[in-house]
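Pasting a structure here, questions to come.
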Amino acid sequence: MMTKIAFIGLGNMGGPMAQNLVKAGYDVCGFDLVPEALDQLEQAGGSKAESVAEAVQGASAVISMLPAGKQVESLYLGDGGLFKTVGSHCLVIDCSTIEADVARKVGQQAEEQGIDFIDAPVSGGTAGAEAGTLTFMVGGRAETVEQARPYLEVMGQNIFHAGGAGAGQLAKICNNMLLAILMTGTSEALKLGIDNGLDPAVLSEIMNNSSGGNWVLEKYNPVPGVMPQAPASHGYRGGFMVGLMAKDLGLAMNTAAGSNTATPMASLAENLYKIHSIHSDSTLDFSSIIQLYDSVR
Amino acid sequence: MMTKIAFIGLGNMGGPMAQNLVKAGYDVCGFDLVPEALDQLEQAGGSKAESVAEAVQGASAVISMLPAGKQVESLYLGDGGLFKTVGSHCLVIDCSTIEADVARKVGQQAEEQGIDFIDAPVSGGTAGAEAGTLTFMVGGRAETVEQARPYLEVMGQNIFHAGGAGAGQLAKICNNMLLAILMTGTSEALKLGIDNGLDPAVLSEIMNNSSGGNWVLEKYNPVPGVMPQAPASHGYRGGFMVGLMAKDLGLAMNTAAGSNTATPMASLAENLYKIHSIHSDSTLDFSSIIQLYDSVR
Amino acid sequence: MMTKIAFIGLGNMGGPMAQNLVKAGYDVCGFDLVPEALDQLEQAGGSKAESVAEAVQGASAVISMLPAGKQVESLYLGDGGLFKTVGSHCLVIDCSTIEADVARKVGQQAEEQGIDFIDAPVSGGTAGAEAGTLTFMVGGRAETVEQARPYLEVMGQNIFHAGGAGAGQLAKICNNMLLAILMTGTSEALKLGIDNGLDPAVLSEIMNNSSGGNWVLEKYNPVPGVMPQAPASHGYRGGFMVGLMAKDLGLAMNTAAGSNTATPMASLAENLYKIHSIHSDSTLDFSSIIQLYDSVR
Amino acid sequence: MMTKIAFIGLGNMGGPMAQNLVKAGYDVCGFDLVPEALDQLEQAGGSKAESVAEAVQGASAVISMLPAGKQVESLYLGDGGLFKTVGSHCLVIDCSTIEADVARKVGQQAEEQGIDFIDAPVSGGTAGAEAGTLTFMVGGRAETVEQARPYLEVMGQNIFHAGGAGAGQLAKICNNMLLAILMTGTSEALKLGIDNGLDPAVLSEIMNNSSGGNWVLEKYNPVPGVMPQAPASHGYRGGFMVGLMAKDLGLAMNTAAGSNTATPMASLAENLYKIHSIHSDSTLDFSSIIQLYDSVR
């Protein structure tokens, strides 16, 4: 008999993640408020539930992928929450990107009720979700991470154990905050070169092989035409939307406020993204921030 | 008979670069205002000149490594400048880090007098100069770059042709501006993680293998103890001094003013380095900027 | 018979405010967790209560001055909250500086229970509290503001009606955010002049009579010696502490996050204050930020 | 016989300034490269010269109002410069806004040749030039300032003696740098209030009477409709153009680089103005920066 997994939240990320679990031979029972999302899972070989309760019935693992902390709290905590109904044998993996505080609170309540819980936000976007090449940043006990590894390896390529409860969220927040700085900073350096007559492709290659080297230059050049496969070369479509980067930067600013950490560069990057979304389309890829520096839109 | 090279400027960088040319079999005749620098070259097998004029006598190539644009102008241009005395058969390579404007002006005057000139600033620090592993960012004609390549390959590992006259300086300015952003940004991300309980080594590894990956995380971690060989693990001694980064950021700001390029992130990084030098020791390595975010100095 | 006022929170601000009400002939019954604060009120002619419930017994008005939103919520809301015990005849004035969201929530609950409530945070510091010259920024219905005016006029000089529930908090947050920008900006302009040989007193006078004129130049010059009565001329002691400005900037950042408003200058000012408190003493007056720009501390 | 004044540079500022001198009874002989500018002065009762040399012939004072330091240097210095031709009895007043360095250099050369020179940049815009209500910020010897006062009082209302040679330029640079910070900061504070439901006119009045008070709130509100006479209420037309503020901020950044002064807030304001001009019309009034924070343009 197949191991049953309940998958809550079948959106752009959750949908393909659940389907990868189906392909790997698991009995995946999904729940989502959008009927089409449920139908897609069914067509891919999974089953659909009419309620969360039905989905988790008899499941060995619950995986959730929800938009924000509020939904995660409401799914697991409180009188009607899953932590009251799933047994202590059940493994719970939350892949949503949410406040570390909320993740810690959920983790603590899980612990009190003897439930194995990890926070496991991902990076890699919808493309990574479909290809099963996501990166997981995981917070929780080491044993629980090992227990979850077989499932995570089906959906992703890299699994990093960042520390205790909430550490997965923290690592992702730190990483994406740094990514915003890399993108704005790389855009400025490239624009300075272009404005002074350098070829952006040549400058990109030089910097990427020097001390300016970074992920953006390697995989995600913001200048149209430098990398054929990058969103910049496709009208900044696809990729990681400005609105989502703005959400992650909001989480970072919130975290910095909580720990009283000075983050002048990150705060500026956050504000530049805010200004960019005011005057642009927040569904564009986040590398479109280079347009803020450029008169040609 | 050995090819003679005149080497002007035998400081912390120029000294070891000249010695590498000696080791490769060239007849290197040096000039510097500091007698000890001349003695060191002589001990290493080179010869010393009493004047610039004597140094360049019969040389096939002139290489200069000077502190600032002013000295470069004064060496090559004007009535007493080298461009009046070296013949058109002579190859001139300026390795100083200076304003692109000045490099372009020097390049243009060289061209007018039929002299082959390239601007070829380096990155890699004194360690790279000693090991012969510098990176050269070169501006000038493609033929001249090829002509210079044999000399450059003795002193460095990577030779990038960035474009026409001044392009070497521009590429270096853009790169180092980006490097300052990488360092301040990475420091903020690490500090945010540390303040929220993450282990900096674990967080560094996660981010370096994710979209936050960059040269600083790979080679130059600013948190003491994470990388045994990094300056951070040796009291921020050695490496690339705060004062030199400040100089390069000044060149970047000047270039951005000239081309009217918006560089909010770089301008902030420049000001953070200024504030850091006000309250700290500007001979520390530039990764010490993380102390600006930290109450423990 | 004298009108009874319950005053909750008798700290550095609340204490003298309550005493001014006593002087104006009101029967002020105070409550605070610190016994000394209660004794001081009694010595000034007020009376002390053993509990909040006792304080509000028969009071025509309740005035509160508490450190943060959490305490305000806990005082008024919930099962044990005052809104369950005070009658609808009672006027409630909260003078604490808290999140506008919390003020709105408290205001709404007051409204639902027929209680007249205003949020009325102050500016003017402890000196203004003692002298009865505070500025009140008030949110609530116009009738309630008129009803509260006689009490407010005893404690302050200017009473501004900013709008509906929460508007008092918002006005104060906007004002203090702008103040932080004025202080950092004025410090930079003065430092730039000083570093280039200008006399700070002369430059201050020129700018204050030109388009650079602002409250900081008029009342609160950050350069020691320019204004004998300013905190800068007394070792940055007294005045408005760095730690309190940091708290208000935190509220501003939080409000901007909620309304998705871009505030690059304010975010930078907030981070400069954070960096300043990391390396300095957060009980200094907030004009000490000029030390961040200065090598002489 | 009337006192003759030579006026060099009859643009938007210089033109009306020269005409005010005519009205006050001086014999003003003007020079400008634009024939229409000369004609206007003639119609207003002045006379026109065919060359600078002709203009200064027999003049008791030379006043210049030129676009940049380059033109000022070229007018006064060098072999063909005025300092070779005007006698030592002649008073020279430069009203251009230029680098303090250049002003100091010109001042020094004047001193060496026994010529009385002051740098006297103005604020107040074309309206102030026409109404004769300019503010002069003056650098030079006290005696020379007194000697120049009768002329300055015809053209302006406030005359501030900032210090020795170049001090007038420095004071203006510091003031306008601060003004840019006041404008961006006030825009952010107003936008934060508006986004949270406050009436901008009410909030403006509250802040202007509190510690947020500044020249922008008093005279130059950036929100359309709050002040009928402000450029914001007339499509941001008239007033002080974004392009000119950008020029002055460039001078400030240059001065800060020279004295190694940290100006994080001013550098950010400068970059925000750069971004604003990239996406907007640089002939708009500088209060249009509030549009950078706003989705409604």
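By letter and in written order, the chains are A, B, C and D; residue numbering begins at 1 in each of them.
Here is the rule we go by: a contact is a pair of C-beta atoms (placed from the backbone, for glycine too) under 8 Å apart; a residue touches a chain by one contact, two chains touch by 3 or more.
None of the values given here were measured: they were computed from a predicted structure.
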Mutual neighbours - chains that touch subunit A and subunit D alike: B, C
Most distant chain from subunit C, judged by the mean position of its C-alpha atoms: B
Centre-of-Cα separation between subunit D and subunit B, whole angstrom: 40
Distance between the centres, which are taken as Cα means, of subunit C and subunit B, whole angstrom: 52
Residues within subunit C bordering two or more other chains: 260-264, 268, 272, 275, 278, 292-293
For the subunit A and subunit D complex, residues of the former touching the latter: 264, 268, 275, 278-279, 292-295
Residue ranges of subunit C in contact with subunit A within the complex: 250, 253-254, 257, 260-264, 267-268, 270-272, 274-275, 278
Residues of subunit C defined as touching subunit D within the complex: 100, 123, 135, 137, 158, 160-164, 167, 170-171, 173-179, 181-182, 184-186, 188-193, 195-199, 202-203, 205-207, 209-215, 218-220, 252, 255-256, 258-266, 268-269, 272, 292-293
